[in-house]
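In this document, chain identifiers A, B, C, D, E, F, G, H, I and J correspond to the written order of the chains, with residue numbering beginning at 1 in each.
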Amino acid sequence: MLFQVEMDVRVPPDFAPEKLERLKVEEKARCHALMTSGKWRHIWRVAGRYANLSIFDVESPAELHELLSTLPLFALMEIRVAALCHHPSSIRDDDR
Amino acid sequence: MLFQVEMDVRVPPDFAPEKLERLKVEEKARCHALMTSGKWRHIWRVAGRYANLSIFDVESPAELHELLSTLPLFALMEIRVAALCHHPSSIRDDDR
Amino acid sequence: MLFQVEMDVRVPPDFAPEKLERLKVEEKARCHALMTSGKWRHIWRVAGRYANLSIFDVESPAELHELLSTLPLFALMEIRVAALCHHPSSIRDDDR
Amino acid sequence: MLFQVEMDVRVPPDFAPEKLERLKVEEKARCHALMTSGKWRHIWRVAGRYANLSIFDVESPAELHELLSTLPLFALMEIRVAALCHHPSSIRDDDR
Amino acid sequence: MLFQVEMDVRVPPDFAPEKLERLKVEEKARCHALMTSGKWRHIWRVAGRYANLSIFDVESPAELHELLSTLPLFALMEIRVAALCHHPSSIRDDDR
Amino acid sequence: MLFQVEMDVRVPPDFAPEKLERLKVEEKARCHALMTSGKWRHIWRVAGRYANLSIFDVESPAELHELLSTLPLFALMEIRVAALCHHPSSIRDDDR
Amino acid sequence: MLFQVEMDVRVPPDFAPEKLERLKVEEKARCHALMTSGKWRHIWRVAGRYANLSIFDVESPAELHELLSTLPLFALMEIRVAALCHHPSSIRDDDR
Amino acid sequence: MLFQVEMDVRVPPDFAPEKLERLKVEEKARCHALMTSGKWRHIWRVAGRYANLSIFDVESPAELHELLSTLPLFALMEIRVAALCHHPSSIRDDDR
Amino acid sequence: MLFQVEMDVRVPPDFAPEKLERLKVEEKARCHALMTSGKWRHIWRVAGRYANLSIFDVESPAELHELLSTLPLFALMEIRVAALCHHPSSIRDDDR
Amino acid sequence: MLFQVEMDVRVPPDFAPEKLERLKVEEKARCHALMTSGKWRHIWRVAGRYANLSIFDVESPAELHELLSTLPLFALMEIRVAALCHHPSSIRDDDR
């Protein structure tokens, strides 16, 4: 099943730069792994903001929470989630 | 280029049912045509609301406006648009 | 899987009273049926408002949307949905 | 009587990790005790956020405040409360 | 137990004046009766708005809902409810 | 004249505990004095939040500001004020 | 005492033009009378909106409510009120 | 002096189509005249919404209000105004 | 021309008290000077909040920005600005 | 293509003054360069706030994000973006 996930990353100005860089590297690696596995189906950058729109393909809300809450940048994120389903007008079968 | 478009359809309770049905049929046909052309890349139903999350793939904001403003249900919609771009963590080349 | 669903019913003052009564009767019957089936797990009245807090137990967001969008009062409702999962502190195994 | 309680935990990035861990352990123990006593009837994790939806079953608002304000994580929480009552459509007698 | 109830009355401009007057007369009578019984402890007019701040003294949220939802003007009201309890700094014993 | 005053106390997590305790003691003493004088007519705790609903009985907005702005916890408070007046439906003469 | 009053006039598109004109004429006359009496101390048009910022000089919130709620356009207005008092930096003695 | 003006046009679904068309024609003519005169310096369509971002170049807020409030579509618009001035980083002298 | 300016001063709890006192003294002196010059026409304290409502009388938005952005407390302020103009109902010629 | 970009700069009170000055100098230089290149078409100061309204002329959302996210002050900014297109009423051909 698919979930729309919008992540705004809010980094306090006094946040240690090295720690941020390390978290970013870990975050990118995790994202790659999850995209490769198909869990993290899409990730787009929202132009002009340190934010992304993502589509997750998971088995349950529990799995979604597990994936999001263990992201390296989770503690710095403001996250909005919406459950998605196939739209009657869609010609994409796989957009469950 | 890609745009995130969120459409909430707000139908006044006293809206003529037949007109609504006609508009819905036209809307579905238009959506099919645009999805087939690749302009309307994704459309998902937001679970629980008469709303959708869509991804448009257009040449310019002008084209996006042309496509959205001529949708049969446009006058009943509340629309939010965000410009998207390729995310450095994405492994999908085509998620421009 | 469980979903938190909050429904605010907004009835326009000039809405035909008989139609409203009919919809309410149908809504109650549907609710009973869905509660009996286990799909609609909880429904509570929010004190002071024509609104409820409900917990749905469904197979997927698609099923949730099907159940909600076919409710007799759906067109008069403002609905907020949140996906739920088991809380690590919960002692209720069935609160998946 | 039942209350809907939504708790968002907002941990400042520079909050001492050990203190947070200690508070979390205490919070979990308190939650277990209150769930065992029936006061804290339900707790669900909201997928994607460090937040929960809970249903409390207490004798009065005063008791609700006592329970919430003495939670170990109270100072880090943003809390919304709504009073609930039995819904005329509910088939659950105990969902007072 | 006490509840803070804020009621904003929103009358559509095309609402039948006679019906509104009748509802107002009924509302005033109901309010008097409930204040006399002690259920409706306080009602103040918010200066500049067709709105009031009220304090209700009821046995349960269910009773609160029963009283509010049967007010003649209920269908025209936007209502916010908050559960109150005795404040440790209050010298009024009866402000439970 | 009466004013509705809602106070949310927001204590930064790193606020010195001893200073907070001292401020709380001073706040309680000030509240008692003002309630005894009749200025601070009502104070109720909002269940679930470090917040209160209060009714002040003062000679003017200037006096209200003087009383509120000199409260020991004023710098930590988010305050909303609404001017109240006697409601035509109220049977309490003193609820000016 | 002084009150800041912000009035947004929201005229439904299908509101009878003649009735609106009549109300506007009455409103202007009432405003003149109240300004002449000193009650309505200032009224400015907010550029670009059918809205005004006003300063009222009244004896009490009750008088303020009486003046506002009997304005011909009151039923079409969204009103925000804030109680004002003399600012320690003001050199205007009369800006009580 | 320059003002940022954002106009959202909200047309009720039951608004007479012919009247809307007439208003649109008048609006376009007025806009042309004002742009030709230099008063209405810029107007851009916000992609996806029946809304525009405009920059007005007027002598005073009064002139701005006169121009906006006499627009044929004014009664259907929600307008936000912000006063602008030359930015220290701008290389455009005329962006007063 | 006149501008409505609302200033909320938000002082972080850990802000150096001496620095705040110094800024307040400077702010008061600046306000006096500007009120004496007629630029700062009115300033009122909003009862219950560290905030003021002010009316500025300036030659242009640029002058308004210059005056506001150089206020000693500017960095601690949240400011909302609205351009004002003479109201057709006002009997005060000077309320341009 | 054109984008409306609104930037609010939020500087924490304890931000190092020298670092802020350095960032401001770099920001101004970057702005000049981008305005000279035509990418940053307009920048206006919003009167009364440390904020600007800008119009960017770029090839794609990706280029917009690249320009904005590498601004020296980016980490201190709250940014809102809207895609613009030529308005049918505009007489400016170049306001694509």
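Note that a residue touches a chain if its C-beta (ideal position, glycine included) is under 8 Å from a C-beta of that chain, and two chains touch if they have at least 3 such contacts.
Chain identities (UniProt): A, B, C, D, E, F, G, H, I, J = Muconolactone Delta-isomerase.
What you are looking at is a predicted structure, and each value in this text was computed from that prediction instead of being measured.
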Contact-graph separation of chain F (Muconolactone Delta-isomerase) and chain H (Muconolactone Delta-isomerase), given in steps at minimum | 2
Touching chain B (Muconolactone Delta-isomerase) and chain C (Muconolactone Delta-isomerase) alike are A
Based on the averaged CA atom positions, which chain is farthest from chain C (Muconolactone Delta-isomerase)?
-> I
Rounded to the nearest whole Å, what is the centre-to-centre distance of chain F (Muconolactone Delta-isomerase) and chain I (Muconolactone Delta-isomerase), using the mean of the C-alpha atoms as each centre?
-> 27
Expressed in whole Å, how far the mean CA point of chain A (Muconolactone Delta-isomerase) lies from that of chain H (Muconolactone Delta-isomerase) is 39
Determine the centre-to-centre distance between chain D (Muconolactone Delta-isomerase) and chain I (Muconolactone Delta-isomerase), using the mean Cα coordinates as centres, and give it in whole Å.
-> 43
Counting in whole Å, what is the centre-to-centre distance of chain E (Muconolactone Delta-isomerase) and chain F (Muconolactone Delta-isomerase), each centre being its mean C-alpha position?
-> 22
Would you give the residues of chain G (Muconolactone Delta-isomerase) that are in contact with at least 2 other chains, written as numbers and ranges?
-> 2-3, 14, 45-48, 61-62, 64-65, 81-86
So the touching chain pairs work out to A-B, A-C, A-D, A-J, B-C, B-H, B-J, C-D, C-E, D-E, D-F, E-F, E-G, F-G, F-I, G-H, G-I, H-I, H-J, I-J
Which residues of chain J (Muconolactone Delta-isomerase) touch chain H (Muconolactone Delta-isomerase) in the complex?
-> 2, 4, 27-28, 31-32, 35-36, 42-48, 52-53, 55, 82-92, 95
Would you pull the chain F (Muconolactone Delta-isomerase) residues touching chain I (Muconolactone Delta-isomerase) in the complex into a rising list?
-> 3, 5, 12, 14-15, 61-62, 64-65, 68-69, 75-76, 79-81
Residues of chain I (Muconolactone Delta-isomerase) touching chain H (Muconolactone Delta-isomerase) in their complex?
-> 1-3, 60-62, 64-65, 81-86, 96
Using the touch definition up top, name the residues of chain E (Muconolactone Delta-isomerase) that touch chain G (Muconolactone Delta-isomerase) in the complex.
-> 11, 13-14, 45, 47-50
